[in-house]
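Can you keep this structure in mind? I'll have questions shortly.
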Amino acid sequence: MGAFLAKRLAQAVVVAFGALTLVFVIVRAVPGDPAKLIVGPDASAGQLESVRSDFGLDDPLWRQYVDHLGGIVRGDLGDSWRLGGSALTNTLDRFPATLTLALAALVLTVAIGITLGMLCARRPGKVLDLVVSTGSLAGQAIPSFWLGIVLILLFARHLDWLPATVDGSPAAVLLPAFTLSLPFIGWLARLVRSSALEEGAKDYARTARAKGVPEGTIQYVHVGRNIAIPVVTVLGLLMGNFIANAVIIEVVFSWPGIGSLMVDAITNRDYAVVEAAILTITLSYIVLNLFVDVVYFVIDPRLTPEDA
Amino acid sequence: MSATRTGPPVADAALLRIRGLHAGYTVPGRSGLRRRRVDAVAGVDLTVRAGQTVCVVGESGCGKSTLARSVVGLLEPFAGSVSFAGLDLASAGRRQRRRVAHDLQMVFQDPYTSLNPRMRVADIVAEGWRIHRGRVAPGDHAAEVARLLGLVGLDPSYAGHRLHELSGGQCQRVSIARALALRPRLVVCDEAVSALDVSVRAQILNLLADLQGELGIAYLFISHDLDVVRHIADEVAVMYLGTIVERGTAAQVFGDPQHPYTRALLSAAPSVRDRPDSATEVALTGEVPSPAAPPSGCRFRTRCPLAADVCATEAPGLRARGDGEHPAACHFAGQGAAAAASAEAASVEAASVEAAEEKQA
Amino acid sequence: GVGSGAPRGALRAAFGQPVTDLDPYNAATAVDEASLIVKRLVFDTLVRREGKTLVPGLAAKWRRDGDTRWVFTLRRGAVFHDGSAVTARDVVACLEHTRTVVSAQTPLWATVTGAEAPDDRTVVFTTDGPLGSLPVNLTLLFIVPARRVADPAQKRSPIGSGPFRVTGFTPSTSVELARFDDYWGGRAESPAVSMPYIAETSTAITALRNGDIDLLWPVPPDQLPEVTGVPGIAVESVPSWTYYFNWFNCSRKPFTDPDVRRALCHAVNVPQIVESLFGPGGRQMRAPLPATVAGHAAQEPWAYDPAAARRLLARAGLGRGFTTSMMWFDATGPLARELAQAMISAWAGIGVTVRPQSIEKAMWLERLNSLDWDMNLQTNTVTTGDAAFTIGRLYDSKANRLGYRNPDLDAVLARAAATPEGPERDALYGDACATIWSDAVGLFPVTLVTGYGRARELTGFTPAANNQPDLAVVGRR
Amino acid sequence: MSSTAAADRPAAARTRSALGTARRVPVRVWIGGGVLALFVLAAVVGPVLHPYDPVATDLPNRLLAPGERTEAGAVAWLGTDQMGRDLLANLLAGSRISLLVACATVLVGGAVGLVVGLVSGYFGGWPDTIASRVGDIQLAFPSILLAILLAGVLGPSVTNIVVTLAITRWVVFARVARASAMATRRLDFVDSARVLGAGHLRIMVRHVLPSCWQPLLVAATVQVGLVMVAEASLSFLGLGVPVDTSSWGATVSVGRDYLGSAWWISTMPAVALALVVTAVGVIGDGFRDVSDPRSRI
Amino acid sequence: MSSTAGDGVRTTGAERSPAARLRGLHIGFGGRGGERPVVRGVDLDLVPGRVTALVGESGSGKSLTALALMGLLPAGARVGAGSVEIDGRDTAGFTDAQWRRLRGTKVAMVFQDPMAALNPSFTVGWQIAETLRRRRGTGRRAAREQTVELMRTVGIPDAEHKYRAYPHELSGGMRQRAVIAMALTLDPAVLLADEPTTALDVTVQAQILRLLAARQADTGMAMLLVSHDLGVVARVAQDVAVMYAGRIVETGALDDVYTGPAHPYTRGLLDAVPDPARPGRLVPIDGQPPAPGHRPAGCAFAPRCPYATETCRTDDPPLVPLAASRPGPATGQHSVACHHSDRVLDRATSTEVPS
């Protein structure tokens, strides 16, 4: 386990490093001069120069890169020119909101997805099954910003059940979380359904039947335990997906998370914030993956470190 | 095959010579970082002469397939040499090796997985000619395929079929036709008939025997089915945990087994004809050790009814005693069967699950 | 989160753009409406604008002392949010600091040569010539404690002497303000103000209709029907100081030829576009300035006459039309994309092919500054409500903002800048308007009418032309 | 030989191998295929029959509801958009771009992914390690953000959108191809080809590649949908197709402000998008079921 | 065991009444119109105290026959006709709950692949104890004790410790013992063993077969041993039934059938096994079994049969007791479904096959 973790950590470091480099390069490849955004269109050339040197924008790229890496080692990702203060602090201030949203979406996905999947697996080929399998495809096809607005119009404007914006009440998370999770609910339901059917057709289920175990017990205990493994893996990935996909939903719902921060930072060429935000997302993705690997070990008795 | 050989006279030269072969796999080590070598084949010497059938028998996991795979070059040996027709395959370059490739073919256990399900029978059979250009002119492929299919007892009209339209026995025939297409001198058959039903198995065994008769092919035949081995083998090698523990002609090994493992194997094998007699049955206890951590000394000692102190310290070599070529790797191989039997009987008392069962039975 | 933590009874007001920082001297937001709204609640200025007139702010009174001196006397009893008194030294420090920062405000202070504080309550400004607009300009100089002028912490938690203090600020998301009880002008009506930023129009409209927010502005012209006639919501409109212009790059062919520019102006049916696209949300422009801005002088609108346009093009040797491009960024104003498309469609009618270039703001800025464009569509706000801010700043040859050079105009603008408020100054800017209009340096289609949607229960609300309503006097019934 | 050819008859109903077995195609797949065919047809001939000029605006007729008549008396079957252009014509023109972008992206991403996945899955070792790590890095990097940044770097054009989206997608295909290549590499028939003396290239192309097609196609059907949605999302963020090009995603995006008042502008293309994606998905499902007997109900 | 001919003539013999009985069992796939018959009219009696072997080629319907006795036919399979009687009761129209009550107590089953038959996510002990807890309501502790005891009886060493082991931690042989223990938990009256040793090595196979035989002898239950391996059958069974293409073509006491096969197919099977006493060419059965749904009219074996005549191609022979029942053990009536059993028997000693 220890060795396995070490190996995974080493991989994670490589991945994080690669992601960092990628952001660094690509952010700087995007045309648009942050200095001009900082000082506005009326600035003189001298003024631009001084801003550039303040933010280290006049150094050669490799130098900036080295400084950047050095900064990361010290936990310093630079300052946001736009928001003031450390980019990392700005990002971390926003992270809990994104996490809340992602978690809420995860809870919705799991609750609805697993229930639907299990129901479909009990009666494959029946109406519910067809509706869910077709619906899940359609769910992935709906642009989330469109869905978000439609939901707002429906539940906030016409029915007035839920707030349209973040008003501090727990109900405010429902619409964005649902919008975020919809494409994945059907997807998870399908995964659960097909795993349940696949597992249910395995010999061990027949063995349990031969022992006289009732069908419900077989599905939820015998099969359920085995489905847990693919499902848990998927949940970690889902969580990562949610954090990343929150970008658009946060904009639609004015959710004060890391996604809307990042869109704003990209538009305004606030390099430090873009880097800090992407680093945060990437790291959380990596950590989630590690977590999933560990959980895997805990719930799947078959695995040994050599399976890693 | 001894019983039916009618073909060309057997040249006494060794076609395949395996010396001190170590082969196997690397697996992630305990630490998960460094990889560890597992010698699934640990020091095997074996010779196959032209036109001869050599059988390797042994329990699952003893390294039979590993041996076969290193012979045909699918696996790089860790140590030792495999030389075919005088060419040392391990030291040969890719080109040299390709030159003997057609002389050395293999038939796999599962006819369905060893043939590409997406190809037509004709393409499967002709694939070798496309790789080794110049052996059969492209224009002659169709005719040659038809001839080969006829040779293995398939109607040439099958050339255009796909595998899923064929039965297991027919697939195995295609597999054999494919191996024969390059006119090999040695065919390695790894459990080539194990997946087949008895009646089909008999058809294929007959076919192999006929081909040997007609074309003088040598077989390295791997099986765990003793009935089959006894029927076709010129020579038998019994394998246990990566090593050969006994070798001899079929008559020698089956009629006068020297190694306790051979005896156990023979008595455990189900047979239609001789019902086992629980009095003479040699029951093995314990589990097969992993090739990753073989026991010290004699590899069989952990399950051996005859095991003594010497077995733990000293690995018995594969030694021939006195007359003939019938070596066995056992410290007690020289002792008569009676002595062995009494030792075995004594060991039965010695604890273990099996003993408990025996009493109940 | 947005509005979370806002106390009961707080005024919830949503503006159409995000507030990104609260530093009164940050160049990037010096004329940014969203932050100005908040800054006006948090900070004081010496002079304030009420409607068309200037009224005392921190300065109780002021006078001109000769051509180059202005004397301002501060009022008693003004204190900063941290309890310290507002002194003349603070004002001087603020002015000195703002002159070191290059921003859109820089030209406003260019002629101010210094400021002194002879005593705690007197500030003396000296200028290098007569500067009639100084009191107007001072409506943009926010006063902070002298020790904080250069403090970067101001971006997040500034200290001012205004009616509200900042209790929470999430950039681009929300600002939370609480009433400052020691405000010299008396306590604000609302105990608190919460200003969420709602990016999506539909979400914002819904929030207003549901009562999630009390005030929303500007309501995009297209969305006005969505809030008019809704029970509990009142809609008020006021012509704003914000307007659209489409500049021609006068240094680039074929726009170097005024006839080509005029042809393009004739080709667009501006009244129809304003009518069907903006409706009550816009007014056709008759000058390169909104009609409500000081210095505006109405001109004869360009007739919609495609035939004339063709003739002009033919005269310029472009009888078969030409291909050019137009750049803008979508967020520049409401219906920007639609306006662009409507104009492009009109130009297609006279054989001019225009490639639409809807680009990101950062790139737009980059290209704008380097004059790397054919046509540029954008909104502009006369932040001070005075022609000097716009015309004086943009059309000067030295500014070279659109490749247009006209020494006569430069002279007129220079004279206007030196003239104190009054009919003479207005006449000079009127001349400038006429020149800019007839030279067709740009097409000026529409002044925006800001629609304010508010809960009917709000009291004391007055819509503001500069999009910066005074929320301190807004209460709740 | 005792057994003769005459005695061997093909076992007609072998269930062992699913390949080529003409299993019954479910009704769902027919419906999906029909819907897709309809849209493809519309994309091909629609713009010819009902042309759309993205430049020509018609402000007096803006925001007409479906079925209303324009001033000229023509019926706007799906209504008009905020510029008074006919929405039906817009959708027909948009279907071309949307389908084109989706297909091109999947083709480009799929081709790159296939090659990378095949090589890394077949050879393993360091090529695999490198490809896997690069894939990890990209997967850890949120794809929509990568798309935003790339779209910013490349600037707005249909080609650039294809490039952008293909870059964010190739990993998925690479993973799928790698998984099949790795699974196939272990199969006996690959070994048997090697015993015949076949080289790596031959084995990859003749034996490993064919087994990658099916999973790749199934993955492609999923990706087509995701790509179309991603294109819409880029439009939402202002990085979509150029203004004078019409695509469903762009129309959904610009019409969203009117969802409260003129719902049809954004909803019609969204429905079209959902229909096509669902149809493709249903076909993909059917394809998977036919190719993988285990996943049958 | 005893078999009856079509009209149900009971054999003599003093054996107890069968614990399970199949009569004219038909099983088919794909009910909707295109029925594909797979098992066609199987009669089988499982008698307490005896081991009956069901042998035949792959796909001949052995497993389905056994599964029908458990009420566990796979999805899509239907019992078309005939009856499954367990403990004297016809199970036709049994509900799920009724079947559940029979399973484990009246009939239990040992499956072929011990790895697949065990749930990988639960400990072996839990899986064995589950039967006790759910069916008998035994308490946690008691169930555990009984389970450990049971594991010991089937020869799992160190049972206390192995109780907590997961299936993957056990060797194939140990797993199969666990599966056997699971089947024996409730002392079933009939034990069905479907290829219980196919996945195992010869030496382990021998151990498991001995164990099964020992348990069966101890408890006196009836046992059905399904196998395609004639050698395995020879080790354990007393009676044997040979299946071909969904029918039982020959049945009788093991010795009778092995030494004097009366059906050409049985003969073919036995001849196809290499015999050291008869070196040289093997004698295979030509051709291959027909696919279900493509069976010829008449005797299904006719196309491969060296004895086949015109009658065979039109009339499917019934399973009838051999006219001159051979002297020998009285337990199994030797019956055969062949028009030419006499000719087959006559040549039983000859190695030549008629051409």
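Going in written order, the chains are labelled A, B, C, D and E, and every chain counts its residues from 1.
Operating definition for what follows: a residue touches a chain if its C-beta (ideal position, glycine included) is under 8 Å from a C-beta of that chain, and two chains touch if they have at least 3 such contacts.
If you're wondering where the values come from, they're calculated on a predicted model, not measured in any experiment.
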Pick the pair with more C-beta contacts: A-E or B-D? B-D
Most distant chain from chain E by Cα centroid: C
Centroid distance [mean C-alpha coordinates] between chain E and chain A, Å: 54
Quick check: how many Å separate the C-alpha centres of chain B and chain D? 49
Rounded Å distance, chain C centre to chain E centre (Cα mean): 92
Gap in Å, rounded to a whole number, between the CA centres of chain C and chain A: 39
Residue numbers in chain E touching 2 or more other chains? 281, 283-284, 286, 288
Of all residues in chain B, which are in touch with two or more distinct other chains? 167, 169, 203, 206
Give the residues of chain C that touch two or more other chains, as numbers and ranges in rising order. 200, 202, 205-206, 360
Using the touch definition from the top, list the residues of chain B that touch chain E in their complex. 2-4, 59-60, 167, 169, 197-203, 205-206, 209, 224, 226-228, 230-232, 254, 264-265, 267-273, 275-276, 278, 281, 283-284, 287-288, 352-354, 356-358, 360-361
Would you tell me which residues of chain E are touching chain A in their complex? 70, 72, 96, 100-105, 108-109, 111, 113, 116-122, 130-131, 134-135, 166, 168, 179, 182-183, 185
Touch list for chain D against partner chain A, complex: 28, 133-134, 136-146, 148-150, 152-153, 155, 222, 225-226, 228-229, 232-233, 236-237, 249, 252-253, 256, 259-260, 266-267, 270, 273-274, 276-278, 281-282, 285, 294-295, 297
Can you list the residues on chain A that touch chain C in the complex? 30-34, 36-44, 47, 82-85, 90, 93-94, 97, 148-149, 152-153, 156-157, 160, 163-168, 172, 251-256, 260-261, 264, 267-269
Residues of chain A touching chain D in the complex: 11, 14-16, 18-19, 22-23, 26-27, 29-32, 124-125, 129-130, 133-134, 137-138, 140-146, 149-150, 153, 157, 194, 197-198, 240, 243-245, 247-248, 251, 262-263, 266, 278, 281-282, 285-286
